[in-house]
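Here subunit A shows up in two complexes: once beside subunit B, once beside subunit C.
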Partner chain A sequence: MKRIIVKRLSLLVLVLFGVTLITFVMSHVIPGDPARMMVGQRASEETLQKVREDLGLDQPVWAQYLLYIRGLLSGDLGTSIRTQQPVISDLAAFFPATLELALYAFIIALLIGIPLGVISAVKQNTILDHIGRVFSIGGVSIPVFWSGIVAIIIFYAQLGWLPASGRLSIGLEINRTITGLYTIDSLLTGNWKIFKDSLWHLILPAITLSYVQLATITRQVRASMLEVLNQEYIRTARANGIEEWYLIIFYGLRNALKPTVTVVGLSFGSLLGGAVVTETIFAWPGMGKYVVDSIAFLDFPSIMGFTLIIAIGYVIINLIVDLLYMVLDPQVRE
Partner chain B sequence: MDRVSLSVDRGEILAIVGESGSGKSVTALSILGLLDKNAKIEQGNIVFDGTDLTKLSTKEIQKYRGKRIGMVFQEPMTALHPTMRIGDQLTNVIKRHHKLTKKESHPIMLEMLKDVHFEEPELIAQKYPHELSGGMRQRIVIALAMSAPPELLIADEPTTALDVTIQAEILTLMKELTQKYNIAVILITHDLGVVREVSDNVCVMYAGKILEKGTTKEILDNPKHPYTNLLLRALPDQVNPGERLQEIEGEVPDLKQHLPGCIFSSRCPLSKDECFIKAPPQLSLSETQMVHCWEVSR
Partner chain C sequence: MEMQVEKPVFEPVSVQRKSLLWYKLQKNPMTLVGILLVTALTVIAIFAPCIAPSDPVKINILDRLEAPSVKHPFGTDEVGRDILTRVIYGARLSLGVGITAVVIAGLIGSSIGAVSGYWGGTVDQIIMRIMDIILSFPTLVLAMTLAATLGPNLINAMLAIAVVKIPVYVRLARSEALSVRERLYVKAAKTFGLPDWYIIIRHIIPNTITPVIIQTTLDLGDVILLVATLGFLGLGAQPPQPEWGTMISTGFKHMIDQWWYPTFPGLAIFLAVVGFNLLGDGLRDILDPKSAR
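Showing the complex of A and B:
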């Protein structure tokens, strides 16, 4: 177990090196001049030149890359061209919002997706299964910008049940941040009002964001449950008098979860990276929105910082998936 | 299966012999309602100890599974939960049948493992199925089926998937447990060698019908039905080295068509006209031996 973790973490370094190289090259070969974006169209040629020098843009690309890597090694992700803040502090401000949204979406997807997949498989070809299937086909085929807007129209505009934008109601502010996740911080400090309000604000965006993952998980669980429930060991256990519900969960689901874990892990990665649209619709002050704004501004230090964070997230999730695999399957452990 | 009535006493093994495709496994599965959803018992019933099992609801048949009727299947490699420790799989079943907690089931579990000849039950209980050989796994499957213990154990080709050397071991074990727990065993097999090894009584079946039954000694030493004869002659030890093995020509007829005469008539070397027209009479040859055949009656 330990050996695998160490091996994976050392692989992480290699992956991250590759990611920086690719994003750096890509952001520097595309046409566009961040210095011009910064100073505006009417600035003089001298100002432009000076800004270029300040940003290091006058140097050859390989020298710029070396400079960037040197900064990275000392924990410096560079300075955002757009906000004039260190990228690391920008990300620290926006990342927790994205993480919180992704986590809640993930929990919703798991809590609904797994039981739904199991029910669909056990009640294969009944009305319950058909409903489940239509529901999950909807998830993978309806785009978030549409389902998000429909959700806002129904639950905010028509019914007025749920807020449609931001992390907190106007006038409320969180006084102390520990993790940056409002629901957790407010719980830790015992601020019930903030906790309720932030949870309230999470419902619509988290459900919207979770729908795609929920559908993927449901379909995967259904498929692998169907396969597992036809295995002979299920029949043996049934013949030995194990009752049906226990059989489904501890003999069926337990083994059906193996292939599901991979899908689920990858889907959490895409929740982190794919929250961009959801954050834009719900005016969620997260990383997705930040990076969209940065792209529009050719703010390559922050784009690279964002990519790096997502890459780290993916590698860590893959590691967790592998470890879970070892927990679920004793054969992998050896 | 057609009007088959079998009786087995406690502590006895009844072997059902027949070639592949004669519907043995399907019958075994249908007894405990374990057939796939798309297979249905169209008509007829399975009566066990006065109760028609086909009329029972899933919930009611559940009370029979493992508790009153145990089953051992052909394929030990896939019959065990791949990611659950052997000990847990056993206690899971034991605690249900004996209405105990997991902790209370533990000593019984170890006892069961010892019963199926594991010298170090504690060690085996910690293992996963993939760490065990086919023969070991089949012993676990037997332990699972015996854990209630049930009144009746149905073993469907329990040794077919195993090496010849392991087969004898499993058969001896089954015989031993039959006596120890005083249960009735139905052993389904296509192998007369297996029959000779363990069974007390034999029932020779063909396409869902009983052709001959009797004690093992009677059937093996004094077979009356042509089919039983052919089966015995097909055994490898009945021919000298270098000689061609005997085979029975033709195939088991389609169970769907109803033949008016003897079911075996199309393949029987001794069949005469009447064999094709009328069902053969039932002839009692001794207290125990019974045969359905025109040829024997002549």
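Showing the complex of A and C:
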């Protein structure tokens, strides 16, 4: 197991190197003249020259890359053209909102996806199974931005049941931030009004975002449950008179969850991508909305900073998932 | 007494296969739905000018933001263009761009994969690590960043999507190449002193074609979704091009009072993507009985 962990960690270093290389190429090589891009078309030749020197663009490419890496290591992702703030502090400010949204979406996806997959598998080829399959095909086929819009039209515009934008109602403000997650902070400080309001605002965006991942989880759980339930030890256990529900959960699901763990890790990619779109639709002040606003301004330092952080986060999530897999599967551990 | 002529017990193989395919399709009605949707989409895309009731870009400011009616079944947009017409023409863009992106990714990816698997060694290691790195970005985020870097337009969005899809084909073709290069005919070809490039083109690539084609069908739904998402984010087609995602991005501003504006283009994306996903799933089930559950 130690050897695998060491191997995974060395791969992580390689991947991080590659990821920075790609963002470097995208920010320094492809655009042709990043300095011109930063200062805009109307800037004078002098300013342009100064910016070039500041950015080290007068140096050879490999030296530029070293400069870029040195900056990254000290937390320097450049300055946003749009907000005029360091990109790292912008992202740090928007990160908790994204984390809170993604966390709730993930919990919803697990809570609904796993039982749905189990039911679908146990009741294979019945009407329940068909409904479950249509539901999960929908999740990978419906564009997130559209399901969000439809949800707003129905639950906000027509019925008026749920709020459709932001993290809190206008006029409300959270006075103390500890974690930056409003639902947790308000609980910690005992502020029920804020807690209820922030949870209220989370419902639509979190459900919209969860649908993407939920579909993947349901499909995987169903497939691996079907495989596991056809194994001989299940038949033996059943012949021994073990109760069906106990059999399904402790003999079936426990083993079916192993392949699901890997898929869940990979599906974080679509969750993170989906967050960008969901935040835009629901005016959710997170990193996703920040980057979409930056795209409209062609604010490259912010776009690259966001991409880098997301890629690193995604790699780390999958590393954790792999380790979790080892804990779950003794065969890999040996 | 007349001898009864026995009918042959076995029908010709081709007929048997055909009825087996038909049997499998009947067992899996969702695949049929997929075939229907994809066929409809293709027909609509090809015959768009004949089917569409009006002009997709002609502005008619007097009819702006009209609710669905007999004259405009899907309503009209902010400059009075018929949304139904634009949705119909949108099929052309989505399908055209989607297929092109997948074909580019398939061609480049499977060539790289074939070479990588055939040669092995350091070249293979380097190529596969590069693919690992591309795969370590969430698909949408990488496509988004690439499209933004190249400059927001439909062609660049297509290229960006092709790039993020390449690793899938590299891995697929590589695993095929790995097994093909051990075959006797490849070894024989080597013994004859045939050059590597000839063996790759003559033996390796033809053997990787079938799985690659299946994969392109599986990917089309996903790619159409990506095209629309980039369009929605302002990184794909630019107005007034009748692209579904771009239409939703404008319709988004009108969603509270004109619900039909973002709703119908979204429905079109959904049906197109669902069609390809059902077809892809069905194909996989039929061609690979092990996964058919």
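In this section, the second predicted complex is superposed on the first by the 282 of 334 C-alpha atoms of A that agree within 3 Å, B and C clash if a C-alpha of one lies under 4 Å from a C-alpha of the other, contacts with A are read in each partner's own complex, and residues count from 1 in each chain.
Rule of thumb we're sticking to: contacts are C-beta pairs under 8 Å (C-beta built on N, C-alpha and C of every residue); 3 or more make two chains touch, one makes a residue touch a chain.
In this text, all values refer to a predicted model and were calculated from it rather than measured experimentally.
Undergrad: Please tell me, clash or fit, for subunit B and subunit C sharing subunit A in the overlay.
TA: Aligned on subunit A, subunit C fits beside subunit B.
Undergrad: Return first, second, both or neither, reflecting whether A:V292 touches subunit B, subunit C, both chains, or no partner chain.
TA: A:V292: touches subunit C, not subunit B.
Undergrad: Of the two partner chains, subunit B (first) and subunit C (second), which one does A:T307 touch, if any: first, second, both, or neither?
TA: Second partner only, subunit C.
Undergrad: Considering only the touch criterion stated at the top, classify A:L99 as touching first (subunit B), second (subunit C), both, or neither.
TA: The answer is neither, since A:L99 touches no partner chain.
Undergrad: With both structures superposed, pick whichever of subunit B and subunit C touches the larger number of subunit A residues.
TA: Of subunit B and subunit C, C contacts more residues of subunit A.
Undergrad: If you stack the two complexes on chain A, which partner ends up touching A:A237: first (subunit B), second (subunit C), both, or neither?
TA: Touch partner of A:A237: subunit B, not subunit C.
Undergrad: With both complexes superposed on chain A, which partner does A:L253 reach: first (subunit B), second (subunit C), both or neither?
TA: Neither partner.
Undergrad: In the overlay, answer first, second, both or neither for which of subunit B and subunit C A:V51 touches.
TA: Neither partner.
Undergrad: Which of the two partners, first being subunit B and second being subunit C, lies in contact with A:L209: first, second, both, or neither?
TA: neither
Undergrad: Looking at the superposed set of three chains, what is the minimum CA distance between subunit B and subunit C in Å?
TA: 14
Undergrad: Show which residues of subunit B lie in contact with subunit A when the two form their complex.
TA: 32, 34, 58, 62, 65-67, 70-71, 73, 75, 78-84, 89, 92-93, 96-97, 128, 130, 141, 144-145, 147-148
Undergrad: Report the residues of subunit A in contact with subunit C in the complex, numbered from low to high.
TA: 11, 14-15, 18-19, 21-23, 26-27, 30-31, 124, 133, 137-138, 140-146, 149-150, 152-153, 157, 223, 226-227, 268-270, 272-274, 276-277, 280-281, 291-292, 295-296, 298, 300, 303-304, 306-307, 310-311, 314-315, 318
Undergrad: Which bits of subunit A are touching subunit B when the two form their complex?
TA: My answer: residues 231-233, 235-244, 246, 250-251, 254-255, 328-331.
Undergrad: In their complex, what parts of subunit C are in touch with subunit A?
TA: Going by the criterion above, the answer is residues 30, 129-130, 132-134, 136-142, 144-146, 148-150, 152, 221-222, 225, 228-229, 232-235, 245, 248, 251-252, 255-256, 259, 262-263, 266, 269-270, 273-274, 277-278, 281, 293.
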